[in-house]
Amino acid sequence: MQVVDRYFEDFTAGEVRHTLGRTITEADVVLHAGQTGDFFPHHMDEHWCVHEAGLGGRIAHGTLIIAIAVGMTAGDVNPQAMSYGYDRIRFIKPVFLGDTIRVKAEVVGVADHPRRAELGRVDERVSVTNQHGETVLSLVHLYVVNKRGAHE
Amino acid sequence: MQVVDRYFEDFTAGEVRHTLGRTITEADVVLHAGQTGDFFPHHMDEHWCVHEAGLGGRIAHGTLIIAIAVGMTAGDVNPQAMSYGYDRIRFIKPVFLGDTIRVKAEVVGVADHPRRAELGRVDERVSVTNQHGETVLSLVHLYVVNKRGAHE
Amino acid sequence: MQVVDRYFEDFTAGEVRHTLGRTITEADVVLHAGQTGDFFPHHMDEHWCVHEAGLGGRIAHGTLIIAIAVGMTAGDVNPQAMSYGYDRIRFIKPVFLGDTIRVKAEVVGVADHPRRAELGRVDERVSVTNQHGETVLSLVHLYVVNKRGAHE
Amino acid sequence: MQVVDRYFEDFTAGEVRHTLGRTITEADVVLHAGQTGDFFPHHMDEHWCVHEAGLGGRIAHGTLIIAIAVGMTAGDVNPQAMSYGYDRIRFIKPVFLGDTIRVKAEVVGVADHPRRAELGRVDERVSVTNQHGETVLSLVHLYVVNKRGAHE
Amino acid sequence: MQVVDRYFEDFTAGEVRHTLGRTITEADVVLHAGQTGDFFPHHMDEHWCVHEAGLGGRIAHGTLIIAIAVGMTAGDVNPQAMSYGYDRIRFIKPVFLGDTIRVKAEVVGVADHPRRAELGRVDERVSVTNQHGETVLSLVHLYVVNKRGAHE
Amino acid sequence: MQVVDRYFEDFTAGEVRHTLGRTITEADVVLHAGQTGDFFPHHMDEHWCVHEAGLGGRIAHGTLIIAIAVGMTAGDVNPQAMSYGYDRIRFIKPVFLGDTIRVKAEVVGVADHPRRAELGRVDERVSVTNQHGETVLSLVHLYVVNKRGAHE
């Protein structure tokens, strides 16, 4: 982890980053249930998932996959950018315990800030795929970024 | 935690739920850094936050507050509803270690599913406030819900 | 989790609550060893359990099953009741990693407090069963509860 | 941690063990809430505890103190003894985050097993005190122990 | 855990301690990744380990095995000794998730302190073996220990 | 985290990397005690540390600081290098709960492998400082690295 200044002018629509993979483990799900208080049987009751719900096994919390996927894209610390939210988070397929995910982050929007001339907005689409190449989660990560001239 | 069937017809725009409070602790942030791999100094370096960044203290990860807030609204298990995503997640103010949050969930949208007559869509706005009454996070939680007739 | 006032007069011997299920995972046992400092090989050494002790696998700590079972029965917050202890905790069968437990809580005693007229005592039997329907743990949870008249 | 054989004949009523101290931390309580699913505001909401409930601060879960206290008394592995339960668990005073506990374990009962001649029963009273010397928890730990002759 | 005074004169080259076994679990590795921030695919990506790297499975972090092995040798608290470092830590074979390790600690050096007459140095070789009897890690733990006369 | 090939020829004695800072928290120490089983009062008993031992507060485990410091230097994944151990680990000053550490890693040795012509050895000195600029830990991290020609 390093500090690297990237200004608004340094972002280009279409640029893409790919992460390495990470296996979503039973321990991750147990810790996330403990962190959130969500002990729904879809995540915590293997017997019910397999024998009653026909799910094939336990499923990771949606918020776990969001948190890990966004975390996997957190590379350098950029003092010129600030994350202010996400749009269009969609759970496309379930992630089962033991699945391995990878994340692709693509700049899909670069625009002036509507009210502040010294800032720009950068939108990055975060797509999560499992080991079968299926997309399981999609969201758009929203940043405001300083323009270079404005802070020199 | 109980299983309670609530069908689409049982939801009304404007209905509101309030959670109790929960303090966001240093342990929560340390565990969330460990779960996500996001060790940015804003969350992990008290000395930098106070002495260099002028932040007043460490700040919780945005994904931590999302996960805890959504988890705090997870009450009964409703077999008739499925969460499929979130819209318009906005980080409005930082949450500092030691802040106490409460969550309000309000049904803000009830509509037929655009393509499937047996389903409806329910949108619930999740608003998180701190101990000063300030809103720190807002998002819209999206559900598809079975209609009563369709599954009888 | 909600705040619901239940007074002594609202409890009836024989009333029963049932929880959903929860799988006891390796992560739970590792975390509980870490919390308690109990790293006995019965819980932590798979090789010894299988090849030397003839146990068939690792066994969850008794205090883990107590804590999870009691936690699973913690539903609404009742400001009128206070838990003051447990009686007759008995480990009836081992719980193996991967077993799924459910909990039944039955009011088995409703009585005036021996010395304080404004209070009553409620005893709740907590019974834990595994996925084979076998009872693995039993205890009696002891509460003192305010009487309605006394606090109006 | 070592394996040490202690037979029934080796236990004497009145023998006492004392543990070192351990501070009950915010992290312990957060982890225990996560393990049990008990997020009651008495344990998790500092603001409510101080400003509304008049508690002075957050209180550790009873099951956390039981688990840690019993764990602190788990010294040598004794293949001749088996823990089968606890009696008369009483929460005498609250344990606040930051309190430091110590544990005293005293053999208070040594008796033949009522039905099996080759076994004896050993009862050990576990008493937990805080840094002010106040007793906060008491319980009786129940063991069955092999008699020496029976297994030679 | 007890306090036991052992002075320099009480250590003899060649004395050996053996620990019980402990299985290195997926939960241990997930927690250690979270503690250290090391999410290298060798530890976290089961799919890559098996299908691309030919490793046969995920491998525990070296620092995890060091920490657990040293922790397994931490028996009594000895106020007369202070650990000041380690020498020649060598990773000899990988430890896979699910492997069970045992630790042998042997005093391999007993010597006067080069500059302070009231102290001695004790070196203890820590050797870690897996369930196949293979040595996986070796290090020398370095202590300075008070001499008996000096503190009487 | 990215995959970046660096061959032996790409390392130069004297090159230096600096990490950002990280505060060592009570939660880190509690989790590390739980991971290692080392509940010595120096790490776990605030009351003893302050009132009896004169330490001023609890001290982080040495293995915790080693693990975090090495983890903080784990940047890119380099398929051409393999860590095989550490030399001369020295605990120079205690790290207290709440201290903030930074790490400097400097290549201090670049040499041919003594027996295998296609490999080189790279030694990296890892130095950990606290928020007062004091060095608290030092070690040498040992790598074997592929030479460029050998693997083309």
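Some notes on this structure:
Think of it as A, B, C, D, E and F in the order they're written, each chain with its own count starting at 1.
FYI, a residue touches a chain if its C-beta (ideal position, glycine included) is under 8 Å from a C-beta of that chain, and two chains touch if they have at least 3 such contacts.
Everything quoted here is computed from the prediction, not taken from an experiment.
Contact with both subunit D and subunit F is made by A, B, C, E. Counting only chains that touch, the fewest steps needed to get from subunit C to subunit F is 1.
Comparing the CA-atom centres of all chains against that of subunit B, the greatest distance is found for E. Of all residue numbers used at the contact between subunit C and subunit E, under half are used by both chains, marking a mostly different-residue interface.
Centre-to-centre spacing of subunit A and subunit F amounts to 29 Å, using the average Cα coordinate of each chain.
Distance from the subunit A centre to the subunit D centre is 43 Å, each centre being the mean of its Cα atoms. Each chain gets a centre from the mean of its Cα atoms; for subunit E and subunit F, those two points are 16 Å apart. Touching two or more other chains at once are residues 1, 20, 25-28, 30-31, 35, 37, 39, 41, 77 of subunit A.
Taken in their complex, subunit C has these residues touching subunit A: 1, 20-23, 25-28, 30-31, 98, 100, 131. The part of subunit B that touches subunit C in the complex is made up of residues 1-3, 19-20, 75, 77. On subunit B, the positions that touch subunit E within their shared complex are 31, 33-35, 37, 39.
Of all residues in subunit A, those touching subunit C in their complex are 25-27, 30-31, 37, 39, 41, 44-48, 58.
Of all the residues in subunit B, the ones that touch subunit A in their complex are 1, 28, 31-32, 35-41, 61-64, 66-68, 70-72, 74, 77, 83-91.
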